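Okay, got some structures for you below.
Here subunit A shows up in two complexes: once beside subunit B, once beside subunit C.
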Partner chain A sequence: MTTTVSERAWIGKDLKRREDPALLMGTVTYINDFKVAGMLHAAVLRSPYAHARIRAIDTSAARALPGVQAVLTGKEAAEVIGPVPAFCAEPVVEHAIAVEKVRYAGEAVVAVAAESRAIAEDALDLVEIDWEPLPAVTDVLSAMQPGAPLVHENLGTNVVYDHVFTFGDVDGDFAQADHVIRRRLRWPRATAAPLEPNGAVCAYDPARGTMEIWSNTNMLNSASWVMSSMLKIPPHKLNFYPMYTGGSFGSKHFLAKVIGIAGALSKVTGHPVKFMEDRLDNLMANDSQGPERIYDAELAVTNDGKFLSLRLQTIDDYGAYFIFAITGNTNMMAQITGPYTIRSVATGIKAVLTNKNQQTVFRGAGSDVGNWVLERLVDAAAEQLGIDRVEIRRRNFIQPDQFPYKIPTGNVYDSGNYPGVLDLALAHFDLDAWRQEQARARQEGRYLGIGLATAQQRSTYSSTEFWFHNPAPATGLNSTPESVRISVGPTGGVTVTMFSPFWGNSPETVVAQVVAEELGIDPRDVNVTYDSTAHALPSAGPGGSRMTVMLAGAVHGAAARLKEKIFKIAAHMLEASVSDLELVGGQVRVKGVPSSSVSLADIGMRAYWFKLDLPPELESGLEGTFTYDHPYTTKPHEDRKDLGVFYPIMGHAAHLVAVEVDIETGAVLFKKYVAVHDVGTVLNPRSLQGQIRGGIAQGIGLALLEEVRYGADGQNLTSTFVDYLLPSASDVPSIEVYHQETPSPFTAYGVKGGGEGGRMVAPPAVTSAIEDALRPFGISIAEMPITPEKIVRWVKEAQSRRSGQTH
Partner chain B sequence: MKPARFRYFAPHTITEATQLLDEQGDEARLLAGGQSLLPLLNLRLARPSALIDLNEIQALAFIHPRDGGLVLGALTRDATLERDPLVAARQPLLVEAAHYVGHPAIRHRSTLGGSLAHADPAAELPAVMLALDAAFTLQSSTGSRTIAAAAFFKGPFQTALQHGEVLTEIHLPGLPPRSGSAFLEFARREGDYALAGVAAVISLAEDGTIAQARLALCSVGPAPLRAAAAETVLQGRHPDEAAWQAAAEAVVSELKEPPSDIHGSADYRRHLAGVLTRRALALAAQRAERSHS
Partner chain C sequence: MEDDFIPVRLSVNGVPHRLFVEPRRTLLDMLREDLELTGTNAGCEHGSCGACTVLLDGQSVRACLLLAVQANGHEVMTVEGLARHGRMHPLQEAFWEKQALQCGFCTPGMLMTAYELLQQNPDPGEEEIRSALSGNLCRCTGYQHIVEAIRLAAQRLREEAEAATPSETTA
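Presenting the complex of A and B:
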């Protein structure tokens, strides 16, 4: 039974995050703070070459250094651990420490365990490697050429995946179109770059054959069976402990290489071993680089601005390995047609391997790219047809009465009110005033621009997206459960246990609010804790904006089970019938007779220590557990003409942005930023706003600053924060965030996930604003980051084109 | 990211420091604020045999008035420069430029002398020293000498400091009346290394023309540079847009080979140097006029 909005005591309340005091007081333990007795420290020697064969490695001097306990080459490590687990069906094999050849600059070649990290690094200085450098491929177009150096010789090609998906009558719709908008667009390689890099402490017990693992992986419960084959230890003999995570953004899903390295060294030394990435390790080899794509994108449009069909062809630079296959491309098929009634889609995907650190998933997971590509086409259509950018979007929105709405790929959008979100954004932005200000500024030779994006933010992933692109998948996984346990102790205290770790968001706040709602208690009285995998219930962990939805569902279910027992005990104590009871303010009472009540403490004590006074069929103890499965997912059709429902909990946002561009320096200054998000029922406005602002900051970073760069020789040119430019406080404007609430019909309380939305919508909005500022020069922006140097160059080129025309 | 082994000393006097420099030999390095040196150590790009930490030498941290100008101890923190009323009154250019050095946390450690001795071509303060005609006192165990800023900066991370010498004092002559200054730079983000930076000082004559213009740039060459040709162009002219434009063109043509990297090509830096020169000169002249009114 779900409470209705008006009855809710705690859901939707703007409470302070309960995680913050511990984080601010420094009382939580991050992996780098963690120590166990006898622990050694690891350091890793990384390849100076992007592509090279390892002829020989001499580690004798390193081994002889006092304080060094073990030195492992890739070959030696392969005797104690297997390859890194991969979800791809293609035979692309990766080792935590490279064997025989390296495929990107920064790939691990030797690992050392020593009494201190400094000694371990001293030892790395003493390793001698005989290299045979090979030509590197760093550009997808060259990598696709016949005769290009092969990243994986066994594949016979660098094009590891190549397929065109067609949904609906694309050719027919394009034939009917009055206009075809065409753009070649480039999305830059970015990386998650959390403040805290990846780390693990692995403790192998040779007597028991067990390994205990403390790490900042997000995917504890998936990790044990996934990592078992690599560590060569059965899953039930691995115990993963949850740690507080200092940011993930998708980059800490498995950490297989970090756990593999620490695990191998622990097996060899018999000591616990910590391997903590430093910034160089993380930026060169964290396996969390985002997509790097070239798109040929086409939108079929009628004279009155109706979008009929979308045709995309992408070449995507996946880097040197392929652990999540083409997830970055399948993900965006959940919302490929955006908030618009586009009736057919073709999307061609060429995944190409190069000598770079591999692409996996990073906040948005490819749907960020899809939004930018689509919104670029929509802006271009508005420009080409002479229709206002707001108006053309209105004409194509799916209307509120059309939900649930099935898009051509087969995914279903649960609910939405897109015109409502846009209206709210316009009301807060004051578009007319900004247009006047823009006209006035242009008289003074200043360039103001107004940007708009209206885009989707899918949430609550289903694991079918990892394999449905493949007719013969390596796995056919289709569960993504999440569980909690709620216990009421003998004195009435309520504890909620989660089985996924804290990954930087607000899971404790969310869980406490929902439990408080269900038990009629104060969320500040709820204790929230985490448990290790040895004690865990099924849990898939954070990813794909799912945890708020999944935890809310799990708590809702667990509370119902708990309440059943509470009511049974209370009924026994009050000598009343269960149907006559209600739970209010932590008291169970007979409806209409407030004086006849028992507290949770009374019930708890009875449940734990007075078995003879319980109803005879009840066991001692008072807890409710629940495993919440994905609220709505279906399998893909055999022919893949319909991918099934895999990301139906669909949020939406409208961003309106005003910028001023200094055309002499290329500087971009934000004047106003309004973001309206609809992610269903809001559990906590404050934590959601934080998520949205943080996401927008990352989106601004992508639009203006961030890019992983490789030299032609494959050297990583952005391996420190001097060169990989994250937005800082002075680069991010004050952002006004507003919520519209269109509940999901499929989830507990109607919540949707909001974790990635800010980053998924900011890039097209910012691009649109800068393009609008530069409209007097006729500049069409087709790439990011939009650096000051590019702006200056585009303006100069436009000016010289103009003067060429007038002469 | 841990440094290779080194010996560590923390002397309390300049004499002890120079003795240690002599004893520890060529591979010893002086440590001031550490904001450039420590990352180099951690990346093992620098592997000194010994670090001689100057932070305990109280006698190196001072700001004194002298002859209408200033004398500053080499250990003066950038955060102090930003806030000191005497510096603000006599050399506001230093206050303005110090604000561009990194971020507040960095400026609370980083020092004026450290920045000058490190001589990063992208650093702001060396260019400011050129524009202000600064002179430096260099002390060794055998005595001390004074050298003009113009003779001090030799190239990227190269100075006239000999082994055994410590930069101890920075002398800044006072500005003539009717002077104004400005520092402008452009970086990808606030606190980043500048892609180009300009320090400008304009001194006006009685008749309102430019009596003297001093202009120095950072991050557009192997060392901070004084734009002599542009200064000549400005001499005696009326302070107006045309003058700034002429000076900017002189600066741009004076730049030989600005550095080029992923944050900005040589062409773009040259372009920025012109734009910033124009803007900095206009601002400095405006301030010079205001100082008179």
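Presenting the complex of A and C:
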């Protein structure tokens, strides 16, 4: 039943997304568009202090306002809901509404449910709070000092996690090195900032003890049992409905606080309650800020430019809570040595708590940071050894015949052709012409730079990454399944049901395409639906670039089960043997006898309504369900010297960028941007290119503009889109995207995930281009965002250093 | 204060409406809550992202920054007014073809900004399009596909207009 590339009818076809017409006509229902009868609206009062004790709260005036149905302080909410579920082993407790003290500016303190959002907000103005402000810690280095104010007193320290992982003979390899490249590098705190904030409608039914939840959480099925402890309702009495989601980029995995607030208010009022974040809520308190890391990074290199070993020590500012523990750092261990044959690694991680909104996941999930750090070291090695940046990468690439390739941490790369990707990028970029152009520009006093990054884009996570940093024998989850149901109705209509929501990707197009491939029908004839958790099969939901891989596998498996029954019924109808049948164009026919055939409609009608004419062992109905488990994952070793296989579906990309830097204004102008990605078999070129270009735009945003900033007092200085700068249409260039296809040996059709690659590779490429442009000044770039102010300052400093030397 | 409801008469997508609103009600809330036209989205509610862009007498405005009472006596057009009899407008068709959207949340605002641009300039170049879009944020696409879609729609609308002109002269 396996088809070869040339035989494929729909896999690889450039298709318009079936999700789009409803989105274009404004008829989809996002969570903010959703309402149910009797629904109340919530608003949240947020802490003006980064760190303060709550002495007393007077809500009497707020309660007295007409239209207000409930006012909840953290203490009152804690009577109906438990703490936010956390995945960390450390005792860091977070409540949806703060109890006793607040730990960052913007933390929820009081929630109101009223007849309208406006009345709820009016009520917040009437709440009186007696605060005892405490000193805040926002600088990670100060937070680590003894005697620093403690974010969580019960920990006795702000350093919540501190461990060095060593894989292979790092000391021995460093001893053998001819050169050690050393850099201190800083990655800025960014945030996903999808245009749609988080929201939930919770409807508690006291008579049945059930709660229905409509929200834009992405992990419905994980959410149902994880949220149960917070909502104090058994998992099987919670029903989560999938909603169309206006972007996530990792920021909408659980939304526990939003669901907790709406859930608590619904429990106390007996009404459905909607809580919809506004932009201020989202930028101050959405629990999805990205990593903020300081690295001391070292690369051991031989005289001929061979990389031997990598030694990293990071201090990572996790903010005030620790819901996913050090996941961003464990994620990075999937591809920490990049596309290179580095044979040993040491990586030390100090996770520090501060008075900021917490870090969780943002597209790349920490592996984006690893790419940037490694590519910074590789560029530095090239410069220090006088080896061309392209050449030094070629000398260290894992070669196509070395796959599957196990890296020092234990993760396995499934397949790849890194020299091939680089060659394709060079062919489209015309490096020689740009080098000539650069030389000519420099004579004219203009600063052109050429940037290069060759980096990994891991896909399809395994849940072991959430806990393997804990010492043995601690064990955790190790399943990440995804399921679909394919039904053929009595008139032959095909419906696919998914259990994960749309979040800006193209799950409906993917499943229609794959089911069309398997059943020999047109994807436009396939109906695609979603179902709530009450009816769901196992599903882990979107994240870690897994949905295309997992849905393709699930549909492939479900179609096989469905076809088994289709063939049995058809064989019975055609009085033929199953082995003589084939499915072509929605018809089952006897091989070589096209006239002897039955349609899916004939088979469907027989399956549903003619039981006495079915093979006697078959029951009525015609559907196939399949739960596709992670295609290749293993447990970490007890000693954690080998973390097991947890992210093996490995993509790769090469980006080549030409920029011109105006040293007077600090402006960076893109002249050319070429991106070549290899994410295995391309399912739908159009949607993949959209993901890549959009990801690159976010990577450019991070490299040039984006940073969540806090004042010394802990105030969030970037709580509007006026201050937190997303790239606009004038900031992002047109990007040439090309594909190389090296299929995965482990997945259905050989597909790999491509959702994060653009963002994971753009930051090192853009940094490298700007550094190259500023090479005449001898500037080494060690931080982002590379803002105009910084460029102007660095150039001035370099010029004054020079003039100081000459005078 | 909350008892002072003010009458507002306006037309939305060609349909006349008369309603009573609080003076503080934004045009965005009136469209979404009172008229149940939820195609227009609230992205930032401080005038930065452009997701709530609608046309007021043909001119693009941020529905989150305008009060409903300010729309009194005016004609408003929202994304729901683009398609005719279930058929998408050429801009919507071009957005679909070029995949100028991913999550779709900024899309209604993008479409209204593009609609205004093409009314004023039937043949905009890339720089003019990017400049027109500079007040509309998109977090998904990187804008390139949106620019391409607007160029494609402009070309089709010009061709449609050219095809319509000779038949009028012969008639």
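Observations on the model:
Throughout what follows, the second predicted complex is superposed on the first by the 802 of 807 C-alpha atoms of A that agree within 3 Å, B and C clash if a C-alpha of one lies under 4 Å from a C-alpha of the other, contacts with A are read in each partner's own complex, and residues count from 1 in each chain.
Simple rule for what comes next: a residue touches a chain if its C-beta (ideal position, glycine included) is under 8 Å from a C-beta of that chain, and two chains touch if they have at least 3 such contacts.
These numbers were taken from a predicted model, which means no experiment stands behind them.
By the document's definition of touching, both partners, subunit B and subunit C, reach A:R279.
More residues of subunit A are touched by C (comparison of subunit B with subunit C).
Contacts of A:S730 after superposition on the shared chain: both subunit B and subunit C are touched. In the superposed model, A:A667 makes contact with subunit B only, not with subunit C.
Judged by the touch definition given at the top, the superposed model places A:E789 against subunit B, while subunit C stays out of reach.
Of the two partner chains placed around the shared chain by superposition, subunit B is the only one that A:R709 touches, whereas subunit C remains out of contact. In the superposition on chain A, A:D125 makes contact with subunit B only, not with subunit C.
Applying the stated contact rule after C-alpha superposition, one finds that A:T245 touches subunit C and leaves subunit B untouched. Contacts of A:T718 after superposition: subunit B is touched, whereas subunit C is not reached.
Using the contact criterion defined above for the overlaid structures, shared-chain residue A:R63 touches neither subunit B nor subunit C, since it reaches no partner. The intersection of subunit A residues touching subunit B with those touching subunit C, taken from the two complexes, comprises 118, 278-279, 720, 722, 728, 730. On subunit C, the positions that touch subunit A within their shared complex are 2, 22, 24-25, 32, 37-46, 48-49, 51, 78-80, 82-83, 88, 92, 95-97, 99, 101-108, 111, 126, 129-131, 133-134, 136-147. The part of subunit A that touches subunit C in the complex is made up of residues 16-17, 19-21, 23-30, 32-33, 118-119, 192-196, 244-247, 249, 278-279, 503-505, 686-687, 689-691, 693-698, 720-722, 726, 728-730, 732, 734-735, 758.
Every residue of subunit A that touches subunit B in the complex is listed here, in rising order: 116-118, 121-122, 125, 278-280, 664-665, 667, 705, 709, 717-718, 720, 722-723, 725, 727-728, 730-731, 787-789, 792-793.
The touching residues of subunit B, when paired with subunit A in their complex, are 1-5, 43-44, 103, 186, 188-193, 262-265, 268, 271-272, 275-276.
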